[in-house]
Amino acid sequence: MFLYKIDNDLSLKLIDLTDTAKVFELTNQSRGYLREWLPWLDSTTMIQDTQNFISGCLKGYSENRNLTTVILYNGEIVGTAGFNQMNWSNKTAQIGYWLSEAYQGKGIMTRVAKALTDYAFRELKLNKVEIRAAAENNKSRAIPERLGFMNEGCIRQAEWLYDHFVDHIVYGMLAHEWNH
Amino acid sequence: MFLYKIDNDLSLKLIDLTDTAKVFELTNQSRGYLREWLPWLDSTTMIQDTQNFISGCLKGYSENRNLTTVILYNGEIVGTAGFNQMNWSNKTAQIGYWLSEAYQGKGIMTRVAKALTDYAFRELKLNKVEIRAAAENNKSRAIPERLGFMNEGCIRQAEWLYDHFVDHIVYGMLAHEWNH
Amino acid sequence: MFLYKIDNDLSLKLIDLTDTAKVFELTNQSRGYLREWLPWLDSTTMIQDTQNFISGCLKGYSENRNLTTVILYNGEIVGTAGFNQMNWSNKTAQIGYWLSEAYQGKGIMTRVAKALTDYAFRELKLNKVEIRAAAENNKSRAIPERLGFMNEGCIRQAEWLYDHFVDHIVYGMLAHEWNH
Amino acid sequence: MFLYKIDNDLSLKLIDLTDTAKVFELTNQSRGYLREWLPWLDSTTMIQDTQNFISGCLKGYSENRNLTTVILYNGEIVGTAGFNQMNWSNKTAQIGYWLSEAYQGKGIMTRVAKALTDYAFRELKLNKVEIRAAAENNKSRAIPERLGFMNEGCIRQAEWLYDHFVDHIVYGMLAHEWNH
Amino acid sequence: MFLYKIDNDLSLKLIDLTDTAKVFELTNQSRGYLREWLPWLDSTTMIQDTQNFISGCLKGYSENRNLTTVILYNGEIVGTAGFNQMNWSNKTAQIGYWLSEAYQGKGIMTRVAKALTDYAFRELKLNKVEIRAAAENNKSRAIPERLGFMNEGCIRQAEWLYDHFVDHIVYGMLAHEWNH
Amino acid sequence: MFLYKIDNDLSLKLIDLTDTAKVFELTNQSRGYLREWLPWLDSTTMIQDTQNFISGCLKGYSENRNLTTVILYNGEIVGTAGFNQMNWSNKTAQIGYWLSEAYQGKGIMTRVAKALTDYAFRELKLNKVEIRAAAENNKSRAIPERLGFMNEGCIRQAEWLYDHFVDHIVYGMLAHEWNH
């Protein structure tokens, strides 16, 4: 497998269509949990929806616009992570991620976000990495904060989440600030 | 003409290919002036570049992703303005604009931004309008500030401008705050 | 709104997807009436059909091949009108239109056709405007006749209308003949 | 070869890319002659232009929108002919053709137009065949007239030919009138 | 019709959408017979499937990648044949074919394969023609063998046929070997 | 990096656009050497050609039709390898590869081909792997032979190489035969 090894129990693998069934199953298992902060649960009800998502990721990857991976924990797929957007003119990328409910609390997401930030600066030679989190999603906000990202602002009512708007905190890390 | 009349001397017209020559001429006349804050001058050197820009605008418009207009001042094209991005899931739009050097100082840009914000809330029923300006571009920042937009954050090194990065101030206005 | 104001109670607005529900409703209300002379009623049974029609209009507009508007009468959508085809090599355009049954008899269609002909000659700098009407559709034929278009021929069995062919009268107006 | 045999010395062959060099050569040999009535000579100056034309024909053919053939006279390509447009809703087709200067005066074009009209009614089961000719192009007009097509009208200034407009005579033949 | 006449009772015609109903009917009549060696029967259950197949053929033909014909025996469609792949860099083509059960035993397929090989060498100026047949499909293998093609190898488990793999024999004929 | 680690000094990495410069440089360094057996050298003369090749690889990858990697030897790109074609209906894939002249003689290609065959059977669950080599290219033929692939045939004049045809030996390995 084509892996980006993070440490002994964690790796990232570029997502492809052979991951469809597993990613859809994971979505179903954590549906209620994920739905609190992610907007795509209600439009992901059939395996075909996950397949369309992965096809979209692959098309974006082939055009160098994004990069999506599955997170492997001891060889098991436990979530996805990657760069939702890569802007080569401005040398910025935005990290997105989600993790199955059953694998919370192991520091997985922080290690993944750290590895992706490393990858953005060292391999892709980008200048800036952003992570956006809903203002009241403390778990998600803790990740960039733990990694030393700067809180650059609060974009009000940035996202519609089924029945209400949520504010987004934008966290940013510049290449010259990153010393991991 | 299909116009959105702002007041006695100002209107907006949906951009189309018949505007190519005039928009390119205007670009050439203000090239040095515009280049201080806009990133596309060096890649807009032939009329074909402006034509590609307008074709892209029209394609985005036909897919309901953006809306670009030419600004008419006493019947003359003096700049462009519009929604660079419209996000229908989140009900947000982002306003962008530029004005020929010769027409600065007449309050044109403020009236245009006000009219577009009105249009976003009243016609398009959006919830949020954003305007981004470079942190040191006081002229551009004055427009959302004059209209009462809130400064929601400073996105550091958000844009590469030929030979240096600039920070972006994000200004936001919510539908329920807009009383013009 | 981006309007082409004809007179105090009539304007044209470029059609867009926000018009879908209203245009479909209007189609349903006048279904029997419109079906006498228009071929698309039986293939326009769901709102999705109207949405596809509008998307097609917008794509053609973005490629400068047609221009479709909704007719606003005292602010209400009462029909559509526009240039079904624009041929830039030959500098010709063909006007098409339909009006809801409830708004017949107010001279709306004649004023709209006159305004579009004006637009073709004055704004688009075309040389020829054509209007085609079924030979036995007296109401539709009266419009170009009232505006002074010349009857240039009868194209026999030009159109299949559900269960029979109809002949088309081609009416033409040249730029140098137009003195309105 | 895939041929539609007309008589002992004439056949039609579906055009394909292997015909490019010969069709371009023929165009060059009759350039002055063809330019009197055809609008595409000045934009057909390189073999690549002819190749683009043939690719366009093949794409239209694969979508059942047109059918273009090369005319073979004693095995030599001497021109092209076919249906420029096929409208399956209205069951009409429009014949277009051109013949190299060197092969004029042998009745080739009349036999070809007759064969295509036959093909439209017998094989394609269409209802109407149209041929359009410039009003002052007597040679071209003689063909539908000789075959008994009816003159259905004169479409004024229908076509821009380099530096002036020409009127078009529309000739029509209905399936039930065709007794050849 | 555009025909490649093979002999008094056999011709080939480029496939087009007007053949859809007949080809689908033929498929249905020989479904059990054809299914023994062809992989597409179970995914060809509605007339729309045949239409998609023909559209695909026409698209490939318009891009010069393949050429598919219907076999006419005394004017009746009895099967299809053609070049599944044409490789213009390497100057090779691969012949594929199927014949309705009712028309077996008349030497039709051998005459068709001979005519297509002729066409590949004489008209298309290719250098190599290949025919692949399943190793145990004696009827299909007899055709290239009768025409003097050389058995160039046995590609093991080359094709999945519903519930088992079959080996393919590759037969080849070079242009300089062909003396028919 | 997303790597498939083969052993201590060898890994494969999915090719992407950041590899363009290095792959083009490698091509240039081994141009004469590679040209003996590969057909694409004369059409790969500018870095844009390599970029188009990689874009094509990425598009094929996003559609699950191929998978191309760069070979990393002690962290340096020394060639490319992958599956030129993956046929999911028939569960087959075809391996292709080239190695810079400077890195010949280290057993790199055999280890890479072994790893890709492993990947095809273990990860992709395919049934058959093919490797094709020109009949007189002993170095390339030695690789499948060393790995125990079966010689399944000699496809005569299968490929045009600048000025002559070459025969191809087809080597095949079935999943159940693979015991590495």
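The letters A, B, C, D, E and F name the chains in turn, as written, and every chain counts its residues from 1.
Note that in this section a residue touches a chain if its C-beta (ideal position, glycine included) is under 8 Å from a C-beta of that chain, and two chains touch if they have at least 3 such contacts.
For reference, the UniProt names are A, B, C, D, E, F = GNAT family N-acetyltransferase.
None of the values given here were measured: they were computed from a predicted structure.
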item	value
Least step count from chain C to chain E, where 1 means the two chains touch	2
Copies chain F and chain A - interface residue numbers shared by over half, same or different	same
Centroid-based (C-alpha) most distant chain relative to chain A	D
Repeat of the C-D interface, chosen from A-F, B-C or A-B (over half of contact pairs identical by residue number)	A-B
Centre-to-centre distance between chain E and chain D (centres being mean Cα positions), rounded to whole Å	33
Centre-to-centre distance between chain E and chain B (centres being mean Cα positions), rounded to whole Å	59
Chain A-chain E separation of Cα centroids, rounded to whole Å	50
Residue numbers of chain E (touch at least two other chains)	none
Overall pattern in which the protein chains touch one another (line/ring/star/complete/other)	ring
Chain order, ring traversed from chain C with chain D following	C, D, E, F, A, B
Contacting residues of chain C [partner chain B, same complex]	1-5, 12-14, 16-18, 55, 58-59, 61-64, 69, 119, 123-124
Residues of chain D touching chain C in the complex	39, 89-92, 127-128, 130, 150, 152-160, 165, 170, 172, 174
